[in-house]
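Reviewing the structure listed below.
Letters A, B, C, D, E and F mark the chains in the order given here, with residues in each chain numbered from 1 onward.
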Amino acid sequence: MSGTFFQPVDAAEVPRFAGHSTFMRLPAVHTAAGLDIALVGIPWDGGTTNRAGARHGPREVRNQSSLMRRVHHVSGTEPFSIANVADVGDLSINPIDLIDGLSRIETGMDQIVAAGAIPLSVGGDHLTTLPVLRAVARHRPVGLIHFDAHSDTNDRYFGDNPYTHGTPFRRAIEEGLLDPKRIVQIGIRGSIYDPGEHDWAKQQGVRIIYMEEFVTRGAEDVMREARSIAGDLPTYVTFDIDSIDPSMAPGTGTPEAGGFTTREAQQMIRLLAGVQIVGADVVEVSPPFDLAGMTALAGATMMFELLCVIAKQVGDRRYAASA
Amino acid sequence: MSGTFFQPVDAAEVPRFAGHSTFMRLPAVHTAAGLDIALVGIPWDGGTTNRAGARHGPREVRNQSSLMRRVHHVSGTEPFSIANVADVGDLSINPIDLIDGLSRIETGMDQIVAAGAIPLSVGGDHLTTLPVLRAVARHRPVGLIHFDAHSDTNDRYFGDNPYTHGTPFRRAIEEGLLDPKRIVQIGIRGSIYDPGEHDWAKQQGVRIIYMEEFVTRGAEDVMREARSIAGDLPTYVTFDIDSIDPSMAPGTGTPEAGGFTTREAQQMIRLLAGVQIVGADVVEVSPPFDLAGMTALAGATMMFELLCVIAKQVGDRRYAASA
Amino acid sequence: MSGTFFQPVDAAEVPRFAGHSTFMRLPAVHTAAGLDIALVGIPWDGGTTNRAGARHGPREVRNQSSLMRRVHHVSGTEPFSIANVADVGDLSINPIDLIDGLSRIETGMDQIVAAGAIPLSVGGDHLTTLPVLRAVARHRPVGLIHFDAHSDTNDRYFGDNPYTHGTPFRRAIEEGLLDPKRIVQIGIRGSIYDPGEHDWAKQQGVRIIYMEEFVTRGAEDVMREARSIAGDLPTYVTFDIDSIDPSMAPGTGTPEAGGFTTREAQQMIRLLAGVQIVGADVVEVSPPFDLAGMTALAGATMMFELLCVIAKQVGDRRYAASA
Amino acid sequence: MSGTFFQPVDAAEVPRFAGHSTFMRLPAVHTAAGLDIALVGIPWDGGTTNRAGARHGPREVRNQSSLMRRVHHVSGTEPFSIANVADVGDLSINPIDLIDGLSRIETGMDQIVAAGAIPLSVGGDHLTTLPVLRAVARHRPVGLIHFDAHSDTNDRYFGDNPYTHGTPFRRAIEEGLLDPKRIVQIGIRGSIYDPGEHDWAKQQGVRIIYMEEFVTRGAEDVMREARSIAGDLPTYVTFDIDSIDPSMAPGTGTPEAGGFTTREAQQMIRLLAGVQIVGADVVEVSPPFDLAGMTALAGATMMFELLCVIAKQVGDRRYAASA
Amino acid sequence: MSGTFFQPVDAAEVPRFAGHSTFMRLPAVHTAAGLDIALVGIPWDGGTTNRAGARHGPREVRNQSSLMRRVHHVSGTEPFSIANVADVGDLSINPIDLIDGLSRIETGMDQIVAAGAIPLSVGGDHLTTLPVLRAVARHRPVGLIHFDAHSDTNDRYFGDNPYTHGTPFRRAIEEGLLDPKRIVQIGIRGSIYDPGEHDWAKQQGVRIIYMEEFVTRGAEDVMREARSIAGDLPTYVTFDIDSIDPSMAPGTGTPEAGGFTTREAQQMIRLLAGVQIVGADVVEVSPPFDLAGMTALAGATMMFELLCVIAKQVGDRRYAASA
Amino acid sequence: MSGTFFQPVDAAEVPRFAGHSTFMRLPAVHTAAGLDIALVGIPWDGGTTNRAGARHGPREVRNQSSLMRRVHHVSGTEPFSIANVADVGDLSINPIDLIDGLSRIETGMDQIVAAGAIPLSVGGDHLTTLPVLRAVARHRPVGLIHFDAHSDTNDRYFGDNPYTHGTPFRRAIEEGLLDPKRIVQIGIRGSIYDPGEHDWAKQQGVRIIYMEEFVTRGAEDVMREARSIAGDLPTYVTFDIDSIDPSMAPGTGTPEAGGFTTREAQQMIRLLAGVQIVGADVVEVSPPFDLAGMTALAGATMMFELLCVIAKQVGDRRYAASA
């Protein structure tokens, strides 16, 4: 069937450093029409309160994604054979106007969702997930599996500003985009502003699994709970690269010591199998603070892991439908 | 007289790497009251359309300014003996709200101006100069000597946005803060968006001296003209670090090959002697893109050169007043 | 009670990149008088036999400590609410005279101790711990919990030189500053000069827990033993950043593969609760060899972890005294 | 007329960091058919005898070329309005077989030449110019204006190997691709292997203008001679980035102190006006050795300067033909 | 006995940064004659299909190996006291001719083997292991313990090229240099080109232990199996630095997230005790992509670990022979 | 005659990245006996008051000197054909004892001078020149041609310390090693501590040519004066790399904007022809602060330029003696 789907350039014919840079070396297309999964960049960091730079994330994740190959070595999944996947480019954004920036992202994501494709995006800071959810969850709230060092459920910054990369999930819950009882946050750690900083989220029903709990329980047990929380309803998966340790992902705006290893993160994403994923992202890759492309490579790797899980679902559905 | 003025820490007693980092190793004070010259940071890059990072400029310029000593080796000026100078810290800013950010900078700069101190600031992107001018030129338009690769007199970006680091001087002219016939821009170069991109500025009376003209005429001749344009009325000096060549100032958002050497820039600033400077800044130092602190050192050096010129004026006025 | 104690700048009002850089964004004060805990820099690497640079440690740890917030997310400790903490600046040092350097550090630390504050310092190389101990243990020997890749109990270098960063604890034992039977060294690893290199220390009663033993036993078991060795008598805690793996702490003079993860290190420091800490330090952060501030961030994180443990003790004592 | 030509993305609508990366932000096309000028990458460094890495050149030059705008600020040339220009991608290469690599480059370049487009390529090491010349000069020898630190007219390396980046122009002369009496090399400098190293070239009639002669005579005089040597016959222009000083172009395999400034290089390229250019390249940009994209930016700038000169010729010819 | 063997320079007399740089600070000798173990560099990356640079590996591994000392802290092995070890320099190579390069490496390695020394080499890319095996296994096939992220048993690249760093072990099996039933590959991971990519190897009898199996079983169990596979016949050990995680070994051509920690790698090498090692190498250290020498330090550390295991065997044999 | 002299490795046979690293790829020898010119490293920065790191200078200058070839392209000098030159290694130093460090350097340099070789050394910080002069000028004062940003004739630091890298030439004049009337300092610039900082030197008769005077007069005129000051008596040449601009030589401890270009520096050294040079050095190359080896390459280039001038003298004297 793969003959009818877009295929990546073959590294045994064209070296990885050659040719235009696209996600996974897939063709660049101008529309999500006909795609099962749309790989898309959101080069915007308008919500960043400290070190900006995630606007440069999509370009470098594209570069490093040239190291991904066609087959997942553990699951055996061949994403490009069972799903139609392509790089639809970057969404239109506005680097100097936060509200217009949010609006443009929502509009761009609407088109992808309307075309029937599952969006797998690369940020951008974590505020980008808010307009993405506005598009993805337009018709019903979704669940959320959220890998991060930070809960991102704060309220206001710099006076009365409601929109920063520290607030997206509070806003999304308030807007009814997320079902808070179907949210699980994994890997939260690091010092906090206030003893009650996570209270609001917990009161809504959000389940926070701190890093220390993860270390004690291990990936399998934690992900069993996560899958249970998500249930079999539509769920979004968001992966903040700062959930990974700063030694493995230094290129990010708010590094916190003591994070996941990439091995642990890969294992957790593989354990998403079975979750009904309606969209996913990798955010907060900030190339100006990166070293040797290490963080962008980690981001590209997580993107590939997510792609394989989502493609498997697509393939299974297609197979079921055709059976 | 220096006994009564603030003095920098002595590097023969406390090494340059020791102690809290302040501009020129001067004391950190909380008010501009009593100062002749206020060194101040404006850590804000909300107007940046491409590579952000100038928000981190003040911190690194402070670090590198530890290499400045007490006496200018050419002019013999001892700025800290003839003027009261200190580091008044950073202005309050807002990294996620452009309009509020502009307002906060204006308010902060108002206080410095009201205290009677001449502000010598370190940005921040070039849009920071707009609110600074709103404070400095509140009561009458000022002239402008402007070192830059770019004219920064564009009109609109991303639809209808009037405020970016490419537009401050158009806005300042429109707002009556600058007398366009007393503006000279030196070092302009690099490809442009439109053949008529500089027409508006020229029609207002702005004198643009392109890099190629500078190369032909040399610093002395160019600065003679610049002084003549500024005349003996109040003049602001703005130094965009991207006027310097990217090899000497790589840490900036919009590098353009073919810039000034630091030697040329130093020579030009020294030739500002006689201009009635009411404020000055060094902008667009972007540490995330810098190499080995090179750009911040160039910025600190230009800041010291500007300080010596301004302090000389202050000292001369004080001497004249006391005579 | 926190109203009466020094408080850090709030990052939701002043972004982390703004303002003068101090430890934990606390006020810079000129004396330890009135403080419970004095945060202090010792910018000196005069004992370094290989790659110098730890002299630049305090400045960069200050910068990275801007990422620390007010509350420990695991213990819930709010250090700034239960103890009076401030940044007392850097001790006077001498970069070109080893003996004078040691003397100045001792003098500076004497003043902090005399003021009744517990010193939490940032080096500097590990030889800085010797003069610190001379001040802290002036009146009775103390115990030592020592995280490091190296035992630092060697004897002589380059002929007959007794003072290098490889010898401080041998000197401290000889000088009666440390009770060798109350010393535990954790994480020792890497090739050694001589089969009997650690024999002297062991003969004094020092307990060396090599990395391999740590890997087998785990943090909880090892720290149980460490607390037992320290007992309930005054104990100093010294954290050499090279105990952490070079991938997480590359900016150090003597990296050794196979070190602690920051997660392991954080866990161990949290398990210091109950130890009677009379002083602590983080040493050997060497910014010229660092990458993206990663090592300084690890150092700042360990400093914050130590601060929380010490502040908890201070708070508990105050509460007990007031009860 | 520009409505019918390919146009770059507008940075006032789509920021420079957004979207897929192509040369000058032009559309990526799959054929040179219909183009006046074909921008093309040759990601191959198979001839490199010391530090490889130029294979990564095209990708980074594409990235940095996003900083180029639509109009040349000195000549006023608007290349995209007077010539049809696009990015035709990278030629097929072979990183592990030198002879096959040369053959593939020649084949790829043949197609561009056959389509009637003038190739403006980005290497790759300087050996890439040999197969390019085989295509461009297939039907008659061409002249050569050659900016470089090295003459690249050596004979054999590592025994009897005729093809390295130190030999292309010897081979091209031997193969009759170049008319040696119409070759001028500018900027040659640096220590040499043998006192007679340049004798062969000089005996063929090649004119070598060493850096020291350039410094004495200046760009205008030197380029007057260069234009005279090229005459009004078809001429190829090759720009080795190592002709520029290592401080401005550190990312190259064989840096030589004492090179051109970018200002000098820009001036020389502008003085190519009037030369009948049948192809041009920028080679030896080696990103793994680059700093902050500085060399790639220099390369992109030279590429833009060359583009403007060539487009002007195209436009003039078209105008003459239509007149 | 050590008096008669070559000894490293003593860091307590000559600092690590002083003197000519050699492997482990041992003497540089011109022949392997008289040596038990020959440390040798193979500065060649002619088989690299993506990012070259391993040609620079030996120089930087020499530099970082200056941090190794005389005694292994776990096993107590003193390699330089029980075996005669020296740095025999780099083998002759050819950077621009793959076939000649392979031939020169084989010839150079032949001389070392003929002299009776066990070669411990530093590459170079992984294709260098093929000509090494041609020398080491000239008279009988050997077993292989292979640490790597990649199986390196692919067949053809870029048309019909049989020799790349992705094919050496397929070629070695085909040439009868390796007994495939005595090959174990440990740490294999990362996406693959084809679902059947590893089938050929498995059909020959190669045992592939994927990273995920390693994580489950642990080093002791895995190495027990590895020793069993190798048996007590001559075995070669090859350590590709990309088996280690990219955060700990970023300086390599084909990084794969999720690798070994250096702690795990050290443990595995120590568990090689008892294997009859006839040669070993550390490959794919690529300094142009390295950070702060981190990868070269990891490489030097693995080299020292291998050296200690091999020296122990040499010492035991010598003792047995003399008994 | 070159058959009898040491020759560098040929880069057309052994690539520059291969083999042990020595100055100019010459043989490493253990004694200066029989040499005309001894290339030697002094890895010591004990006099550094700010940023240490010059101790690592010799190793990196050796690495970068691999780019030097056999013949000077302007003068045609073939240094290795007319003089016997080799790398005698690094002098013994002491990184933790300033006085012992000075003594060891003097002793080591004594042996080179006693052997009749002219020393051409690479530091190390500028204090290393003091003990070198004690050896070179043991029997009579010498003249000094001194390229530097700083006069290095200060008196005391950190209380009463007479020996730092800011004082060597004051000490050397006081000790009678230098004839102050035969000293010329070229390129002095940057802010100073005190208006009278250079008065002492000037009173002794030292001629200081500030950078601004150099810019006005040019290299030829300045060097004519320098040669005249040196006269035809024995003269030492010292080249502080910080005389070069920080953009071209960032890897140094005390960078000052506005320095020489490498082109200017090369021209000046070439104009030393005729000076009777009895020793020379290149100092203050500090690799931890360097970028891409740029400063070490500049240092190696200046070393090669100095070598050619000195070798020419040796050759001329030998020819004259044999005539």
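Note that in this section a contact is a pair of C-beta atoms (placed from the backbone, for glycine too) under 8 Å apart; a residue touches a chain by one contact, two chains touch by 3 or more.
The structure displayed is predicted, hence computed values, not measured ones.
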Handout entry: Shortest chain-hopping distance from chain A out to chain E
Key = 1
Handout entry: Starting at chain B, fewest touch steps before arriving at chain F
Key = 1
Fill in the blank from the handout: Expressed in whole Å, how far the mean CA point of chain A lies from that of chain D is 41
Exercise for the section: Return the distance between the CA-based centres of chain B and chain E, expressed in whole Å. Expected result: 56
Problem - Residues of chain B touching at least two other chains - result: 15, 17, 49-51, 55-56, 95, 157-158, 245, 247, 289, 291
Handout entry: Which pairs of chains touch, using the document's own definition
Key = A-B, A-C, A-D, A-E, B-C, B-D, B-F, C-E, C-F, D-E, D-F, E-F
Fill in the blank from the handout: In the complex, the residues of chain D that touch chain A are 14-15, 17-22, 28, 41, 43, 55-56, 58-59, 62-63, 87, 89-90, 92-93, 95
Problem - Residue ranges of chain D touching chain B (in the complex, touch as defined) - result: 10-13, 15-17, 67-74, 76, 78, 245, 247-248, 261-263, 266, 291-292, 294, 297-298, 301, 304
Handout entry: Residues of chain E touching chain A in the complex
Key = 49-51, 154, 156-158, 188-195, 197, 210-212, 215, 245-247, 250-251, 254-259, 289-291
Fill in the blank from the handout: The residues of chain F that touch chain C in their complex are 45-53, 55-56, 94-98, 100, 157-159, 161, 163-164, 288-289
